[in-house]
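Heads up, the next two complexes both have chain A, just with different partners, chain B and then chain C.
Now for the complex of A and B:
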């Protein structure tokens, strides 16, 4: 360095570093929006029922406590009794946690598996890309529920198998989204620069590609969660996963559907809770997406807004 | 400069209405939400048949002014005040149908990217006719087809059915841009706004487009406003030049007057930063960056970066004053520089001996893209501690050459030796030592740094990979390299997005330099930068050359930069070396016709 030239100093900035696209930023953004608040509130309501419910003192969910298909009141509990005369409220409070837990586990697994498959396909290209993405295409061609039913009915209705099956049918969707996002990142110069030094692919992906993909990953994860919930509840309804007499929202709908005309709460209560949950997670995922991709149709934030933000 | 501007029309007294071209007064554009000014109090007038060059660096607001002349503002912006009068009609007063009628008929626009200005789904003939039919009153005893034929002749394109029936993508960039110009002139408007129409074109095409603009302006007595960051282009084309800085006019005078004796320190600084294709000179850049809208200081916007700043400068915004003797010369500065040519202040570059050993030897390199031969029989040396420039127009294969050398392009044959050891075309087979000693700097500073890592982390990545040093060792090296590229250590904790383009490119150069390479391949590294920033970077590279004995392959399309930085030059055309030798020899006495043409087409500020 010559003695004469003094190094440039950056202009003072009041605002701390804002990382565009980081998970913390989009979650904060989503929570600031009405949409995100509503979504989160609905989700937390149902998650609360599911996980706090078993600790609320109530009748046993499996004990025959009254006349079947009784309406609420007359000592039949707040929500009446079900087809076998068990307390609907007790079953509702006890029947959520296993469903949510299974959905959460399979979503996490699906996101992990799908993200790895998609990013590896995008980064490696050639044969690897063809093998992974064509497999994804084939799996996407099979209807989800049919796919899961096939696996579960061939091997048997085991709980772990439900998780595996749901994971397998969600992962291709994640893989496709992550593949598309990663393709763009892999073409960026900073990835090429690192690869040129001879940094091994695993390290390039983990250190340089993945951090840029957190946004689509978070949005896709939220979306997959709501689909997993619906899928597992559907499987429960069809008799896979949680087995009677154990309570589960999906099982409850199936058990009580014959009495819908006389004691509708046995079907309606779990159905409402499931619907609230599905809508809640979906709306929250949508709020995340809107923050992450900016506005209704993925538009860039207008110049003026950006300018005003820097000013504040 | 062909002819001197008419004195009378430059004066700010009211000119007779018939000769009144474009009159802009107090034009102010603000943000929609808070009303923060982005462009403030722009006033100028240009006579018919004249070209005004509107010069400024990125973010100066020159394009905002350009589109405001059509009564438009980008999304999020709004024209808050001012008048834009064309023949007595204030464009900003017009609404609805009147405004639609005025656009195209009174004022027309040629965008920067010719491809985006044309509809890709329509044949060009139809697009040309469409505008003429809408503004049918512009026809003078002629049919639409006659007008189209005439326009095509004027812009130097064939008026054949084959050409008019082609789609925009079937034409070259230069042809597209000339169609764009024909469209702008199609309804015989009074004012044409050209927004950097030659930025993406190579020098030969650029010269033809500029000639077309010049000729059409004079022939049709139109007022042209040419928005550009390229001082050399403006020097060649414009009658008057207006320099914008941070949304305000800082200097406005006859082009000759500005390029021979700029008065505002910023304009002087810009001229000192422009490399000359005729002489090898030390370039002087301008450190820092202009204040952003909303952060404009109370006093002079340039005070922060000005070399001759006084205390008064920061107190109050200087007014635009006329300092001209004969012709008006508007300057927004309290302490203007003396009106002398900056050429006298420029210093020659010390001559480096070429009598040194070669560090990188390229022999018979041939590269392909599938069935396409991109490079054939390319042989040259890079001498130790020297810089070899590779110049050529787009499509000449210069970038493929750079990418082949560093291993980004693998489909090539030939011998490349780095310090006596052969380099494999397959980057996987190169030794770690080779990967370290041959470093590459990308063209685009906005994509080459990891956006999720701070400057420090970005600089540490190659250190971790190649040396695996301890934390304190890495910190020491990072601080050292930041100093080398003239950035203070405060930058270390910044993210790339908080840096300007020039600062990012310095970090990218630092990242290549931190592993102590022998040869650095720079691919058009200054082409995305403003001229004042380019000058800083070029001087830093020169410093590294002398301090560290760094050898460079400098890929560029800019012959003037070649003169400033390189000792040897390789001229590529269609994948073949057409000329090769010491810079002074090749540029002073070009032997090949292609080099001669490149030099002749090069715009110059002189």
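Now for the complex of A and C:
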């Protein structure tokens, strides 16, 4: 802030108003739409269960409280017991926060890493661009889930490793999108002007290019969050990530799968909560994308954006 | 059709002088990138075995392993050579179809994986065909009745279905069609080792249903969006002004121009399925490569991991190139040098 006062800094320049928007404007737009409201409400419901749940007095989520696969009622809790005779409701209440926390951390890291890589590649060009974008191509040449499994397989299931793996697998997608959006901005006169003024590249990128990219950044953030949640829940389901006996919704679905015919709440309850969460975040991300790219009132999403929204 | 071509030809495209044929140069460039990607991925996968904490052979076999077995495994994984030499001899053997011996099942990886690969391909192809037909039909229906209740409810359903995690969809499908409401199909698709799924087609149904629910929304969304985009374009307007019927507008003009986007989304779906089947196969214990991948990672069956990851990378690269070429072939406009 102090250097705006010194005479050696360039005059404040504004990017052309078209396509420029702040995160606040997009979020406000999304919240004004029905989709955005529904998405946020569903998400908040599950976030509430996940973070308030551990404080609600309940039975122990890890200790045995009855006969395995008992049906609800008759002193077996509201949702019955699971494959090992633990209280399903208690495990449900305790099993969400780690998923949400890990998903949030890896989304923030992936968006940061991806945005920096993509914008730096677009701005620097030449060898930097080639190195970064070819690496991105190669990383995108392995299916997401396989990529994560591969990383987890090398060192074993550790919590921090899940964050690293999910971050590394989402970042190339972000980088690709941000690279495409930044290419156009980097060619604009105001960027060239500040660069000629002698502003160091890091400042040009952070102060002058990034502010013009908040729209794709916000959309990517929303999309990556919903993909991270799905990915981490899937990892948990496959037995990588949260380790038993600790509860986690994905783990619960896997543990109690065989009892589906006897007492299905052990599977159904976490599956429903995961479904609500996934639908909520995805619908909200969709509302963000509509506001950002689809015109004023959430008009039609153009084909290019529809492709971008495709899980790949 | 003629009108379409006229308008497309009249649209301002500035052909720049360039000698090479755009499709061929794109094909060559993409294939080269693809080959490089596969080589790099194979190096990473091979290196991953070396990174295993401590001695890789001990890490895989556990502390109780006999010294003879350790030596044997080190030789088998080419760990008794230098890192580069080990990679080269592994890659050389792989190029000759020898991917080593599975550590858990003590049989050649290739022989073990071929029947499973066949099962997975059946699953993927069946899903791709059904979801494409379904997505295209529903997309057409929604686009033709744009902004009606049909369109809105289809779009919302697609959004919800596309949000759900695969294994959650699979669990719901089992709940409905195998356990509670309709006990029509087996809840698990376990087969005797080496058996092919087409001999027991009733075990194929539920995995396909689950994958179709996961994948169809993308085809639907894409096809609907591109039809609507085509319907609001200049050439369709010209055709409307010339008095063409709605059916002719849809089938004669908009449909051919939506092909490119549709092919692209089918390509993306196949790519997604190549990796995404792991979860659905696990829910159903379906004997395909997805289940093998998860099992091999749990058991640290290194030769199987190496084989499957390289195989998936090759499939990925090939599908990508094939999609790009197919898109170019149905989009005459894009074939012009830009």
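Operating definition for what follows: the second predicted complex is superposed on the first by the 274 of 312 C-alpha atoms of A that agree within 3 Å, B and C clash if a C-alpha of one lies under 4 Å from a C-alpha of the other, contacts with A are read in each partner's own complex, and residues count from 1 in each chain.
The working rule: contacts are C-beta pairs under 8 Å (C-beta built on N, C-alpha and C of every residue); 3 or more make two chains touch, one makes a residue touch a chain.
Note that the structure is predicted; figures quoted are calculated from it, not measured.
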{"item": "A:28 touches, of chain B and chain C: first, second, both or neither?", "value": "neither"}
{"item": "Contacts of A:137 with chain B and chain C, given as first, second, both or neither", "value": "second"}
{"item": "Touching partner for A:239 - first (chain B), second (chain C), both, neither", "value": "second"}
{"item": "First (chain B), second (chain C), both or neither touched by A:202", "value": "neither"}
{"item": "First (chain B), second (chain C), both or neither touched by A:279", "value": "second"}
{"item": "Which superposed partner A:154 touches (first chain B, second chain C, both, neither)", "value": "second"}
{"item": "First, second, both or neither for A:189, with chain B first and chain C second", "value": "first"}
{"item": "Greater chain A contact set [chain C / chain B]", "value": "C"}
{"item": "On chain A, positions contacted by chain B and by chain C", "value": "302-303, 306-307, 310-311"}
{"item": "Residues of chain C defined as touching chain A within the complex", "value": "33-34, 36-38, 40-41, 45, 48, 51-53, 159-160, 162-168, 171-172, 174-175, 179-180, 187, 218, 221-222, 225-226, 228-229, 261, 264-265, 268, 271-272, 274-276, 278-279, 282-283, 293-294, 297-298, 300, 305, 308-309, 312-313, 316-317, 320"}
{"item": "Footprint of chain B on chain A - complex, ascending", "value": "1-2, 5-11, 13, 17, 19-20, 22, 188-190, 192-194, 196-199, 207-208, 211-212, 302-308, 310-311"}
{"item": "Chain A-touching residues of chain B, taken from the complex the two chains share", "value": "31-34, 36, 38, 74-77, 287-289, 292-295, 406-408, 427, 430, 432, 435-436, 440, 442, 444, 447-452, 454, 461-462, 465-466, 482-484, 486-488, 490-491, 493-495, 497-499, 503, 511, 543, 547"}
{"item": "Footprint of chain C on chain A - complex, ascending", "value": "134, 137-138, 141-146, 149-150, 152-155, 226, 230, 233-234, 237-240, 250, 253, 257, 260-261, 264, 267-268, 271, 274-275, 278-279, 281-283, 286, 300-303, 306-307, 309-312"}
